[in-house]
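Next come two complexes built around chain A: one with chain B, the other with chain C.
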Partner chain A sequence: MPPLLAEVAQLVVNGMMAGAILAVPAIGLTAIYAVLRFPNFALASHATIGAFAGYIANAKLGLPILPSVMVAFLAAGAVGVVTDEAVLKQFRPAGFITTAIASIALTIALENIVRFGFGNELRGYALPIERDWRFGSIRVGPQQVQNLAIAAVAMAALFCFLTFTRTGKAMRAVADNPMLASIKGINADMISRLVNFVGMGLAGLGGMLIGLDTTIDPLTGFRSILSVFAAAVVGGLGSIPGAVIGALTVGIGEELCLLFLSPDYRSAVGFVAILLVLTLRPRGILGQRADA
Partner chain B sequence: MENYLIAMAVSAGIYALMALGVNVIWGLAGMVNLGLVGFFAVGAYVSALLTLKLGLPIAVGMASGAVLTAAVGVAVALVTVRLRGDYLAIVTLGFAETIRIVASNTLWLTNGTDGISGIAGPYRGSLSPAAFNLTYLAIVTAIVAVTFVLAERLRASPFGRVLRAIRDDEQVAAIAGKHVALFKVKAFAIGAAALGLAGALYAHYTSYIAPDIFVPLLTLYIKLALLAGGLGNNRGAIVGAFAVVFLLESTRFVIPLVPGVSAVQGAALRELLIATALIVMLRYRPRGLIPERLPRIPVPPSTPPSVPPAAAASTKNYQPTA
Partner chain C sequence: MTNQRIALSRRGFVKRVGALAVAGLAPAVVRGQGTPMQLGVLTPLTGAGGFDGPRMLKAMQGVIDEVNAAGGLLGRKVELVVEDDQTNPESAVRAARKLIDVTKVPAIMGTWASAVTTAVAPLCWESRTFLTTVSGADSITKLPHQGYLIRTQPNNYLQAAKHAEFIAALGVKRCFMMSIQAPFSQPTQERATEVLKQKGSEMVGTLIYDKDKTTYRSEVDQALKTQPDLIYLNGYAPDVTILLRDLYRAGYTGTRFSQSYAVTSKVLESLPFEVTEGVITVQPSADVTSPAYELARKRLGIAEPDSYETQATDWASLVSLAIARAKAATGTGIHDNVRKISQGSGTKVYSAVEGLKLLSQGKEINYEGASGPCDFTDIGDILDCKFRYNKVSGGKFVLLKVA
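Right after this comes the complex of A and B.
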């Protein structure tokens, strides 16, 4: 393979891996948006909380990665339900803008609780050092493949939950038409708790997957929030398949930009993607209308 | 101690200027701007770079900072003007983060995360530090006073009335023949100019800027100032800015009194306190401590109510669909 083509192929593979990981919190964001109709910026701190919960399970308690990932999901999901009940729920009658601002304040508050407990230093998970696998000229890390598998399993589980279970169908019904759903006797409070648990759980899981690739600190979640929002907006806010497609697009786009941009600008690519999509097709790839 | 108080007054003045700017965008026109710190950063960097690299006078640097930030505001507004508020929130927040990423990484221009130091201040070399602080306080006070008067005129003007009409119901304003998009872009530009000027004032006062200064927390400070003072209310914006600086600074003295807390933990506690204060204010005083006072509409005494109560109730609950 010519060198440039090989480099592009490597970047596309990296981008798909990164995109699959990004899809997990992006689905969380878009699911919460679909049911509760506001952009929940508190997703950032819940990703951090998940990453740290997984860190405690893995590095402090010595659990392997898979159970630690479960801990990340459950912890972030539980915190998500509690903070929504205690804080964000009160703001919903005041409108989505007030709720969104409150969610930023909430994310800064939670981030600082993590900082209070753990300080600012970078921490890494206890991972075995493994040699990369090679397929021709393309190199893949075993840990990346494991992350990809975890992300895929989480997405498949969510898909089955939404498609085959009664509760999952009820959740989609509320997202689709809250009025009709309430006439059918679906308990909207229950659904909003559930979507917060699942959505913030996925954020936490995503935060840990991002951390497995690098290191974690209290800003882990906030640093990736731009890419997560880009994924959800590109795919169409409120559409779960859209979030997956959007995440892959943003993931591959961020990697391909490395051909002519320094990696430090990577997260700015997400913002450019948001602007492009909102200018050319405001509803995103699979979403509903975004213009007024 | 006097210097400390003067420095606090200067930062309160800069916050007040920002709050006045955001009041035009958010308070009057009803557009959410979660990226105001990005505009503040643009003003700071433009003025600092122009004076430092091109040797322009400080006043020219500050004016260019304000004008260029207004231009950036127009660009952001043009992209977002047709979008729903929730998308506007995402774009503005993303804008501020992108500015920070660019400032952190464009080493040749901004010196990256190390920041820019040695930014000139007016008469800094020829005055004692105390006299410099006082001079600067006078400059900031004058600028805030002029901005306040302009903002008050703007609010009462036909232009300001249209903005409030757009805030309260965009469709009605459009039906009344107002070019809604144009008014929104103008409001964004005016607000952004004030934010940029505040950034320039900040840069020339502290003589040092770095990407770490322009974090979302600063956006929250200004939102908190507006809520403390009353949204859509210019007097309140100034009072609120002073209240926020007082709150911020008092935590600086209170937190060291908590035993067994490290420096990082102290900083975390402060930010936690600020975020909590904002949540509490938003929850219990969403229109601010001093709500906007609207002029009373004179009602002719003899006119019977033209809308039956039931119909009035139903129109009151009517929400224009997005």
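Right after this comes the complex of A and C.
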């Protein structure tokens, strides 16, 4: 393979790996937005909570990675339901901006609760680090392939849930047309709890996937939230397939920019992508409602 | 009432004249107990620097106690007037104002955070008050301080040069430097490149990476393309941890070099042993071979005084010696004499008391400190200092050398 082509292929592979992990919390953000109509920035701290719950399960209780990932999902989902009921629900009548700002305050509070309990130091999962596999001039990390598989399974499970189950269909109905869903007798409170559970659960799962590849500390979620937000907006806030496409676009875009730019401009690429997409297509790549 | 006051006043007058006469005839030790000479201390006793500030204060107090026990300075007992800068520029400015305008100290010793020093320094040079600091930002000694500031902490320029010398001495021919996006990154890369070239080694590439990324695989690929013998990871703990993982995954077997604040014992705990094995770390060090260091150990009663404690030891010593040579407790006196007692061809001394003795005999001295030689450039930076190099083995730090 010519060197430039090999380099591009490697960057695309790296971008797909990074994008797939980004997609999981981005789906959570977009799902919550679709139903509750506000960007829930508390996703950052829920990603951190999931990462720490998974850490306790894996490093402290000795559970393998897959059950630990489930623990991360369940713990972050449960905290998501409680915090929404206790805090954010009261702000929703005050409107979009107020609730979004309250979610920023909530995320800072939750992050500090984690800091109070665990301190600031870095922690790693009980997981050996393996050398990369090499396929010609392309290298792929076994851990990242595993993360990609977990992310793909989570996304497939969510797709099946939304497509084939009665509750999933109810959730989509509320997202599509809350008024009509209400006339049809769908319980909006139950749906909002469910979407919080699933959305924050996915954030927690994403937090743990990020932690598996790096280390975790109370800022794990906060460090990633801007990229997650970029992915959801590029894909079209409110569209679940859009979140996946947005995450892959941001992930691969950030990597491919290294062909032309210094690595310190990598983060800027995600935000240039937001500007470009929103200028050319204000509702995002797959967004349905620019006015939502 | 009035008569009584006059009578008391008369008695007081007689007493004072008597006391002055006795003091004039008394030996130095007794005379040193008169009106104290006040020196300012402005350390962070709370806030981010709250761990280092109290220890620095203790080190300064230790030196001043010794000076007082030996008769004080210019026949007066020395007293430290301590203010807490709270690691906060605004609080520090208020505290510095009090030290300068109310207490009228000739010197302020101890600012720690660069933001605090940057805020306090103009008050000092405008009032001709001498300032000693541990702050590391290169910009501090470039302020127009007119010589009223010295810094005992190595700046980035000196650190980069020393690190490059060490790397070249390892026999490294091809070095690559990965730095986090920060103000120090580019100057450090430029200086290290320059020194590596002088020492017969080569910087085969540098890059500055974005912080807060979850992976640096592509950056690692860029570095590995240049086939380096050593990769210098110049970042902070969260990103250097990811880089170490990604370098291991990519199969890199060369040497990895980093600052000790980026590869801490907590980082070693969070990573499998095989990922950190052989990593070399560096940090500024006290001059552990110096007799001044040995004296500081005894004075403080601790096995290994760190860089901050030894720098504080040296400030108190340098200021005391400069005042003694100037024969005046003024900022200008310290300003004019600090280099005359710390560098040059005078007799080497390792403590304030030793130096004061020689100065009283009219001899010239060269103070060699516990933190290093304490030789300063025109803008107040140290010319040289020691660094401590550790190597990671089995998840623990093993001392390579202090040089």
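Details
Definition applied: the second predicted complex is superposed on the first by the 282 of 292 C-alpha atoms of A that agree within 3 Å, B and C clash if a C-alpha of one lies under 4 Å from a C-alpha of the other, contacts with A are read in each partner's own complex, and residues count from 1 in each chain.
Convention: contacts are C-beta pairs under 8 Å (C-beta built on N, C-alpha and C of every residue); 3 or more make two chains touch, one makes a residue touch a chain.
Because the structure is predicted, anything quoted here is derived from the model rather than measured.
When both complexes are superposed on chain A, chain B and chain C occupy overlapping space and clash. By the touch criterion defined above, A:Arg131 reaches chain C but does not reach chain B.
Between chain B and chain C, it is B that contacts the larger number of residues in chain A. Looking at the shared chain after the overlay, A:Ser182 reaches neither chain B nor chain C. Once the two complexes are laid over each other on the shared chain, residue contacts for A:Thr215 go to chain C alone; chain B is not touched. In the superposed model, A:Ser262 makes contact with both chain B and chain C.
Contacts of A:Gln146 after superposition on the shared chain: neither chain B nor chain C is touched. By the touch criterion defined above, A:Met17 lies against chain C but remains apart from chain B after alignment on the C-alpha atoms of chain A. Once the two complexes are laid over each other on the shared chain, residue contacts for A:Arg123 go to chain C alone; chain B is not touched.
Applying the stated contact rule after C-alpha superposition, one finds that A:Ala109 touches chain B and leaves chain C untouched.
When both structures are laid over each other on chain A, chain B collides with chain C only at 114-122; the other stretches in 114-122, 150-158 or 222-230 stay clear. Shared contact residues of chain A with chain B and chain C: 262, 264-265, 267.
The part of chain C that touches chain A in the complex is made up of residues 181, 207-210, 212-219, 221-222, 237-238, 241-242, 245, 248-251, 266-267, 269-272, 274-275. The touching residues of chain A, counted against chain B in their complex, run 33, 37-39, 41, 87, 90-91, 94, 96-98, 100-102, 104-106, 108-109, 111-113, 115-116, 119-120, 222, 225-226, 229-230, 233, 237, 262, 264-265, 267-268, 270-271, 274-275, 278-279, 282, 290-292. Listing the residues of chain A that touch chain C in their complex gives 7, 10-11, 14, 17-18, 21, 121-124, 128-132, 139, 141, 143-144, 210, 213-215, 217, 219, 223-224, 255, 258, 262-267.
Of all residues in chain B, those touching chain A in their complex are 32, 34, 79-80, 82-87, 89-91, 93-95, 97-98, 101-102, 104-105, 170, 216-217, 219-220, 223, 262, 264-265, 267-269, 271-272, 274-276, 278-279, 282-283, 286, 322.
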